[in-house]
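Order of writing sets the chain letters: A, B, C, D, E, F, G and H. Residues in each chain are counted from 1.
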Amino acid sequence: MKEVLVSIVMGSDSDLPVMKAAAEILAQFDIAYEIDVVSAHRTPEKLFDFSSNAHKRGVKVIIAGAGGAAHLPGMVAAISPLPVIGVPIKSSNSIDGWDSVLSILQMPGGVPVATVALNGAKNAGILAAQIVAAGDAAVLDKIIAYKNELKEQVKVKAERVRNL
Amino acid sequence: MKEVLVSIVMGSDSDLPVMKAAAEILAQFDIAYEIDVVSAHRTPEKLFDFSSNAHKRGVKVIIAGAGGAAHLPGMVAAISPLPVIGVPIKSSNSIDGWDSVLSILQMPGGVPVATVALNGAKNAGILAAQIVAAGDAAVLDKIIAYKNELKEQVKVKAERVRNL
Amino acid sequence: MKEVLVSIVMGSDSDLPVMKAAAEILAQFDIAYEIDVVSAHRTPEKLFDFSSNAHKRGVKVIIAGAGGAAHLPGMVAAISPLPVIGVPIKSSNSIDGWDSVLSILQMPGGVPVATVALNGAKNAGILAAQIVAAGDAAVLDKIIAYKNELKEQVKVKAERVRNL
Amino acid sequence: MKEVLVSIVMGSDSDLPVMKAAAEILAQFDIAYEIDVVSAHRTPEKLFDFSSNAHKRGVKVIIAGAGGAAHLPGMVAAISPLPVIGVPIKSSNSIDGWDSVLSILQMPGGVPVATVALNGAKNAGILAAQIVAAGDAAVLDKIIAYKNELKEQVKVKAERVRNL
Amino acid sequence: MKEVLVSIVMGSDSDLPVMKAAAEILAQFDIAYEIDVVSAHRTPEKLFDFSSNAHKRGVKVIIAGAGGAAHLPGMVAAISPLPVIGVPIKSSNSIDGWDSVLSILQMPGGVPVATVALNGAKNAGILAAQIVAAGDAAVLDKIIAYKNELKEQVKVKAERVRNL
Amino acid sequence: MKEVLVSIVMGSDSDLPVMKAAAEILAQFDIAYEIDVVSAHRTPEKLFDFSSNAHKRGVKVIIAGAGGAAHLPGMVAAISPLPVIGVPIKSSNSIDGWDSVLSILQMPGGVPVATVALNGAKNAGILAAQIVAAGDAAVLDKIIAYKNELKEQVKVKAERVRNL
Amino acid sequence: MKEVLVSIVMGSDSDLPVMKAAAEILAQFDIAYEIDVVSAHRTPEKLFDFSSNAHKRGVKVIIAGAGGAAHLPGMVAAISPLPVIGVPIKSSNSIDGWDSVLSILQMPGGVPVATVALNGAKNAGILAAQIVAAGDAAVLDKIIAYKNELKEQVKVKAERVRNL
Amino acid sequence: MKEVLVSIVMGSDSDLPVMKAAAEILAQFDIAYEIDVVSAHRTPEKLFDFSSNAHKRGVKVIIAGAGGAAHLPGMVAAISPLPVIGVPIKSSNSIDGWDSVLSILQMPGGVPVATVALNGAKNAGILAAQIVAAGDAAVLDKIIAYKNELKEQVKVKAERVRNL
């Protein structure tokens, strides 16, 4: 079994439909990950334990997704020395997603969260792979290959649009 | 010495010019308070200790002020069973205060924060007094008196405007 | 019959589907409440009577929900000495809920409203219970138990997510 | 002495620097007005008395200015049968004026407030004159003359710009 | 046939589902109105003719509704000496209604538009009636009666909510 | 075959349902166009080639549509000397369209993008025709005719509304 | 004397400090322009005359700048068949510029305004030159030269930053 | 001389006062960096060259700062396989910073930018160090030490506040 390099956590199991895109892209890059629910507001002790220990278990990056007054990414970043990627989620009763975007993005000096787009869990997975690649040249090659694939996909679609 | 009933905490000492208005109004109502800096992002262990123990020390209400991605009020509310009043602060590099307002207000179901207006520390102090009054009729009388005073002040100012 | 400690009012009967969550959580905490429609804009005399007298009837906290240019919570707070919890409601023709959030939150110095999240009536109920607990240690124990329950629920859900 | 046709009220004497523009334009149109401070939040009884009686005293239009969670215009409109013109004021600690704009504009069906631009007290005065003109042809002529003057002023300024 | 006192215009026939509420309330107050499509952007000459002549035909108030970059109310107000009530409409491709609200509300000094809430055509009709009432005491009595009716309706609904 | 004067590009084939309105209006004006997918983020080399060469192929105007962090219009404008019309598109996961509007509109000094309304591809087509008309009087006549048609359409619809 | 190809108009002479940047860049490109104040709200007849006749006088492009509820660009575009470039201006009492941006940008189908950034008069001038270039290859060459100059300027500044 | 691991680029030399905070924190962590101006809009070829080659030169992370319609971070991320950290900058004529935040944050699927807070260059530097630490345990230790320092600083400040 491969060592877990990326830990994906989310504030509620209702975030899973968005967050699983991070897991899928990591699987595609063949990077081992774990996935869990850690609620900053309902399980603060678990938040503390998880964030204090992840780097000791060999985890290299943490992806944290949450909606509304989204404190999970920032609190994980407060406790863990690892790079934390925050995924703002547009939950029900959100004010159009502004609340989770601003709660995750606007961190004070000293405690960064690498924020991606609203519901951008796929990009969080890619970013995690890019960070893993900082210490692993083989992963960097996979990312270069992935980007070339994106190009090829656009070519096919462009062909279709030109022929309309 | 009177028992501390209200605990005022803030995320940074730079929040003091705003937050001291909460202390002043509590002093005016003769309600004992304490004041401290507890940073959710820089001192997460202190956040944990403070929030876990405040109610055991006899504190009845917590006022928490913070700016930007303001996680302090919500994290205190996650850990403490006491009512938590959140004061959004318009710090430098804030996006017009929207970040702290939404980070404090939009808490998930189960973990309320009683949010007041941007920089509204004075109102946080009054609200804390009103909460103390729920168990102390003498404080309720002081609040009624305070409201009457507000009226009198407007009367004097209205007189001046009418005579312009 | 238990004495009513919390009064839940709303600006329109169309707010009931949101506001009933406040009643349900208070029932769960076994705190007696009353529920009524008081429109600041259509029944201003009733607003006045209700707000002037609630504290005389033994009510300890008022929860007021309204949408659009939501004046009910602020006007109740203007007249009553009790702590007032405001619930912004996203009604039809609302501008994404911003109108009710800002109309309730941004109260002037001297007249606080304890604002909760958009449609956050459940949290208003919990906050009311926390305020009642300021004068009743038994309620505080119930809140501590409630918070432990929240943790247990997350544990079960987290287990499910980890096993996906 | 001429009968007062327009009543100008404001939530705080700090609104006077903005609101006096309404008085000045009414003076220019030779329409009698009164000016006073009526705080919805600090003097609710005065709000009630003023709004219930203005139309009985011969007042034809009410101009109400307020900032933040601006409830004065809407509450006057709730109680008085007269047309109410609302002036949103950008006060200190306002969230860029959005709070007062939305608190005044987004009134529920049945209770209109004629809202003008942020700090638009001059336009409130002109609008009041136009409403008075609905029952007084001489005032309508003054408004037509005023509009012609506006044109003349632009002509002079345009001349200057063309000659740069 | 009664003389037309209120003219209702809209920028597009697609605004009719919103704007007809203004006509309905005027009919209820027995105030004669006319209704037409006048597009500031597609029929500028008609805009000019309509706005220059309405007051000469005995019209007392103009209600103008438009969506998006809503120029109709402001342009009518630029040309006509009559009070103009603007109704911001949330059309398709609107940015949540903010575009029409700001395009109508934020008029420059000298040219007011009495703006009502987003899609607030009913309130525009009531406001028009209140303006007509400035010169007609019988209409004022109808408005007082209408307000009493609003109260009665709330009473019935409140009864239902209390009995839940 | 007529020489291509207008080039329509979009960031993704999912933008086609919006962007085809630009093609349709150009066809109606009988102006030759081409249509293609050019992704700033997935095919940066194609972006570079396309933008560097369009003016050499006789293209007079470029229409570029994109959603989210919409970089296509601005990057084309950075590289090409031609006038570039930007169409902000409200894609899924957009924050209400604000992201694409601001990403396209707020270009720095030296590199303009002629921005049209959210999803305003039809207007982009008309604007392109107006630009072509700057060097071709026959096209100007078609635009004048088009505007007269708009008027006629409103007349028919206005008739229907008046007769309701 | 060269024929005027670009007409620069603004809603108020207070817009001149912003709008003169359009004139300066046109002078730099040696394109003849005229500059005037045309107020949609204060001089609607002049707006009408100007917009109806500009294309008959040989003008190829109109640049229109305005603030607040900025109707000038859209109304010129409604009447003139020429391409109209709109410059949103952040005037005093503007709500952070949102009002003028949205009033100019969000034009309905059929009547485009080519909107540039807030206070982006310089870019409006460049865009006007690009439109003139559609019918004049010599101007296109000047634009290519201008873009090369921009590059050179950045080179010098980059050198300075690298050497810090 | 140490190998450059982090490349800091900015869209304009006017961004330097903000961006130098990234350099300072990297110097503090003893991580070699380079700093340059690369304008997406004025030097697109340099953007292309820089982004295509950085990873070949051993760079591990790119920090890109820009204001307004900020395309630099996203375009670098489009071309380079490295993790790109975006710093939104509140430039003059920015619409309160919203434009640069949204232009950088809302990237499409496949091309992430790790966005930090408005003007958050210091946090961008820390995040870059955390990414370098993914492949270098010594840097991770420095980050742990840095976080402990933050705690100590708060302790001193908290002491001062408590003693007021």
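Basically, a residue touches a chain if its C-beta (ideal position, glycine included) is under 8 Å from a C-beta of that chain, and two chains touch if they have at least 3 such contacts.
Just so it is clear, the structure is predicted and the values come from calculations on it, not from any experiment.
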Selected pair, out of A-B, B-D or F-G, that shares over half of its residue contact pairs with A-F: B-D
Winner on C-beta contact pairs when D-G is weighed against E-G: E-G
Chain C and chain E, separation of their C-alpha mean positions in angstrom: 35
Centre-of-Cα separation between chain F and chain C, whole angstrom: 49
In chain G, residues with contacts to at least two other chains: 12, 42, 68-69, 93, 95-96, 98, 101, 105-108, 110-111, 113, 117-118, 120, 147, 150
Residue ranges of chain E in contact with chain F within the complex: 10, 12-13, 16, 20, 34-39, 42-43, 46, 68-69, 93, 95-96
Complex interface listing, chain B residues touching chain C: 55, 60-61, 81-83, 85, 101, 105-118, 120, 122-124, 126-127, 130-136, 140, 143-144, 146-147, 150
For the chain D and chain C complex, residues of the former touching the latter: 11-12, 40-42, 44, 48, 67-69, 71, 74-75, 77-79, 93-95, 98-99, 102-108, 110-111, 113
Residue ranges of chain C touching chain A (in the complex, touch as defined): 90, 96-98, 101, 117-120, 147, 150-151, 153-155, 157-158, 160-162, 164
